[in-house]
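In what comes next, subunit A is part of two complexes: it sits with subunit B in the first one and with subunit C in the second one.
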Partner chain A sequence: MAESAARSTRIPQPSSPAGWILVGLGAAGFAYLLYAPVLLLESFLRTLGGVFMFATLALAWNIIGGFAGYASFGNVVFFGLGGYTVATLMAKAGWTFWPALVVAGAVGVLFAVLMGLPILRLRGHYFAIATLSVAEGMREIVVNMPSLTGGGAGITIPAVGLEATTSYPGNTGFYYFFLILLLVALAVTWRVSRSRFGYSLRAIHQDEDSAAALGINTTRAKVAAFALSGLLTALTGAIYAFQQVTIYPNRLFSIEFTVLMVVMAVIGGTGTIFGPVVGAVGLQFLSEYLRQNYLELHTVLFGAIIILAVIFLPNGIVESARELRSTKRIRFLDNVKANRL
Partner chain B sequence: MEQFLQATINGLLQGGLYALVGVGFSLVWGVIHVVNIAHGAFVILGAYVAWKLDGAFGIDPLLGLVVAAVLLFVIGYAVQRGVINLVINAPIWMTLLLTFGLELLLVNGLILIFTGDYRSIATSYASGGLSFGDVRIPYGRLLAFGLAVLLTGLLAMFMSRSKTGQAINATGMDRVTARLMGINARHIYALTFAISAALAGAAGTMVGIVGTFNPVDAGVFTLRSFVIAVLGGLGNMWGALAGGIVLGLVEAWSGQYLSGTLIHAIGFGVLILVLIVRPTGLLGRPYSEARAET
Partner chain C sequence: MLEIKSLEAGYGRIGVLWDIDLTVGEQEIVALVGSNGAGKTTLLRAVSGVIAPTKGSIVFEGRDLSGLVPEQVVRRGIAHVPEGRRLFAGLTVRENLKLGAFHLKDSASADFDRVVELFPRLGERLDQIAGSLSGGEQQMCAIGRGLMSRPKLIMIDELSLGLAPNLVDQLLERLETIRSEGMSVLLVEQDVDAALTLAERAYVLETGQIALEGSGDELLFDKRVREAYLGVA
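This part shows the complex of A and B:
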């Protein structure tokens, strides 16, 4: 664990020729994404929006899980809270979307701090289990508060007609919402990665006691990382809820979202800037392909893919690509040897 | 008062069954340091094995229980030896993801084969019961409780008396030193996981005898296992029994006063509280300290 964290602190050199090529490709790709709505089918825009959404979720998980090394298995709680904040404010209080979105973000931060202060004292599996329980418990609470949340039958945001407080942005609108949020998440991750705060988190990941001994306020750093993760996740959940119009607690607090965030970050590369995005793009398209071609089997296949990825790509695609560049080969079996008993 | 007494007895008996569900999970977490998210799927798999044997060949569920346990033992050994052992030194979210992948595979595989319909294993004896005034004790639940206590006791005795049990304990405490003492850690890990899966299979059969099950229930059993393992302290057999009974009682009592699925929230509330206040569990934890785990 310490070893992988140490490797992830290596920052790509933007001054090298390969770095400039990457920057150029990135700029071209970005320009394409901006114009994409003009060029592409509506249905494909929706798929792309989903990819951006999961990339943002994976980046948000990466801050607490990848940088700080705290394996949150309940990040979906922020997603659900963000979504339900927007839905409740728009459906029951007649708010418009934008102020509701701001409140959703605030709820995410507040809940992360309140939940993080006691729970971030736990380490390893205990933290994972505690976060998972908070998410599951929150779902049950939302189910059992039908007057406010609509309960298990769901809640519908007024999106059309006279009832609508904010006109429905459609596929193109949500495409841009998710794209902007992804860029924000990337910028935040990039900033964190190079800041003193980011190095504190990496130090905590490698050895928390030593980090504390070096004068890092570990509690503050961990809670801040959790709050940042919660903020981005809650904002994503808020936009997702508006896109879905009708939301259900079993969907919005689904453990599947948490697992997807973690899987995408892990497959791409935890503790890196682009890893979670790479993982999200790869896995979303793969999942979409499986869903279309193997309707019944697709969840089973997905389970098998997770197992294989964990065994053979434990360092993630980004790290493996770097390895490929420097040693001209990917050592799948060496990865296995490093982690096996 | 009678209602309360009945709820208490139901909770106590149900708690015994929960203990059987959770004890193997606790063992694996304590010894191998793996949180097996697929544990609930093993429970359900056991239930389907006994159900199928009963339905297709008319084999009595109590014999089916033995078959289910043996089959799950073999599967568990293979899974640990062939798959989980490969990522044992990776960061913890890797093993969590791996077992989640396994859960997806098993649960959706079971749905494909048996559909998502609710099933139950019908027996001639489970429906009868003892009556004391208005309080009733169904035989099926009594049997499940007795079996849970028996198996937990046998496991505790195996762990403390037998050489293999002591090897498992030693490996859980310090794998490196255990290997230096000539213990084959790969085999011990696989054996521990196999025992856990076998107990899950036995528990699943009893779940099928006293009530209904379907593949999607797997998640609920895994979550209950979390609660039981943490309440009881990891790798602590009698602790798991105590944890199971506490969970059964809390669920039964809160079911009297709370509506619907809110009792699950109570379970999670208890779990989070115990984690924060007393992470070593009710009866303490024999292995390393919870907060120092890396």
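This part shows the complex of A and C:
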């Protein structure tokens, strides 16, 4: 089933010369990204690494929020847990980075399963609120366990000198870490999108009762999607923590991260493969541009643009671009008319 | 092949079905008729495992279905085409049909071809989004999706809902074909005339209890049925 069904998925296949040109451009872009550290300023590398990080977070969110349709507003909990796992193991137990990274991923998966089993029974807004509460609650727990986590004062990973267990990789190193993780997340999304598992998630998104009636074990599929999302998010948090050296609960479990990953996936296009990446790249560069040019109004403008994007392109950039290709126009006002905005 | 004995079921503390006895034999078309709120849909939901019965038993091919969740009931060979079709509106017809065979280990391509043969209209619209189909085509797609699970018994809830009469006749004709291929059909219908004409046997459900049962023809000419459901004396 998976193979034949895959033919009708929404993956753009290069069927025209233009398609092949796009693939060629993609390959050239990728080659450039690999070689970029030699060409670019260190500060810009750091910005790019941040873009990759958000793209990965948005892709991870997309698995549970986009494919399965369960809008998690607490994915930052995996990010924070991943970060704190690495920081605690390296600072308190003297571990090196790589085994700590593996444990961080495992913690993400385990926590997603434990938390998913009860709260994935909730639907819609109830699920969103439950995930939000879990993330907020976890931050409080981390704040209140100073012996392990450093509490509100934060925890510092030994990164230089004799105490460093793994030498600090620097801007170039983290650039590659985030790039590799982004590629992994893309590959995972691509696989999910074409698999039986991906179809079961789409079916759940569309009508969960019908999906169950067709023989889909909805609980298992939802928990697996959540675990996959948790794994990628925890790994991202782990790398982020090492990059920051000193981490604080308010940063690692911040609502800002949650909102950004959701907004990026939604604006780019949920349930698609490249949508979350497009959203992350677009919004990160936009945010950076606004910060540099309109220092005082930057958050106001950023918020306004997000609101306008959601109103005029409710299906996301990727879907709208596809519509443009097939019908030669974008219906900006459909959503406005339909919902009398 | 399906035997329901003294079944009681409901939602929470609200009982809906009382002391239901019903059987469906091999290659038999059985109709279940009754007014709104009589419990027809609840009965199908109990069989397919969407709700758990509070009392009584449901036995399919000699094996008790109690305690099974929907995905296990499908594996035993019962397909449920729910009221209002409940298609995956954002997916294509092809994807909807393929999802019907989700629990099968093989590719189900023969089943797919057979469904398209049974409903040629679907064949013309395989890559169309299911939500954009007409009501009749959606019902074909829903039945087709049910058939894709390779059932021994297919239960169809409100086949005629919102459909033109001639289309209903066409679909009922297809049920005859399905039966001749070896399946049993349990049909819930508001269109009592059409249902009783097609079915070998039928049950009349009233406020959660079986009020009457008999052959389709017997019920079709039963005075009480004619008064209550057909509006003729």
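We adopt the following convention: the second predicted complex is superposed on the first by the 323 of 341 C-alpha atoms of A that agree within 3 Å, B and C clash if a C-alpha of one lies under 4 Å from a C-alpha of the other, contacts with A are read in each partner's own complex, and residues count from 1 in each chain.
One rule holds in what follows: contacts are C-beta pairs under 8 Å (C-beta built on N, C-alpha and C of every residue); 3 or more make two chains touch, one makes a residue touch a chain.
Note that this is a predicted model, so its numbers are computed, not measured.
J.: Quick check on the superposed pair: does A:Ile21 touch subunit B, subunit C, both, or neither? Answer first, second, both or neither.
T.: Once the two structures are laid over each other on A, A:Ile21 reaches no partner at all.
J.: Could you figure out whether subunit B or subunit C reaches more residues of subunit A?
T.: Tallying touched residues of subunit A, the top partner is B.
J.: Once the structures are superposed on A, label A:Leu324 by its partner contacts, choosing first (subunit B), second (subunit C), both or neither.
T.: Touch partners of A:Leu324: none, neither subunit B nor subunit C.
J.: Does subunit B (first) or subunit C (second) touch A:Ser200, or do both, or does neither?
T.: Touch partner of A:Ser200: subunit C, not subunit B.
J.: Just subunit B (first), just subunit C (second), both, or neither: which does A:Glu296 touch?
T.: first
J.: Which residues form the common part of the subunit A surface touched by subunit B and by subunit C?
T.: Residues 1, 4, which sit in both footprints.
J.: Give every residue of subunit B touching subunit A within the complex, in rising order.
T.: The contact residues of subunit B facing subunit A are 29, 33, 35, 83, 85-94, 96-98, 100-106, 108-109, 112, 185-186, 189, 219, 223, 226, 230, 259-262, 264-265, 268-269, 271-272, 275-276, 279, 290-294.
J.: Which bits of subunit A are touching subunit C when the two form their complex?
T.: 1, 3-5, 8, 196, 199-200, 202-203, 205-207, 209-218
J.: Could you please specify the touching residues of subunit A with respect to subunit B in the complex?
T.: Residues 1, 4, 65, 69, 71, 73, 118-119, 121-126, 128-130, 132-134, 136-137, 140-141, 143-144, 255, 259, 262-263, 266, 270, 296-297, 299-300, 302-307, 310-311, 314, 336, 338-341.
J.: Of all residues in subunit C, which touch subunit A in the complex?
T.: Per the stated touch rule, the residues are 48, 50, 69-71, 74-75, 80, 82, 86-92, 94-95, 98-104, 107-109, 126-127, 145, 149.
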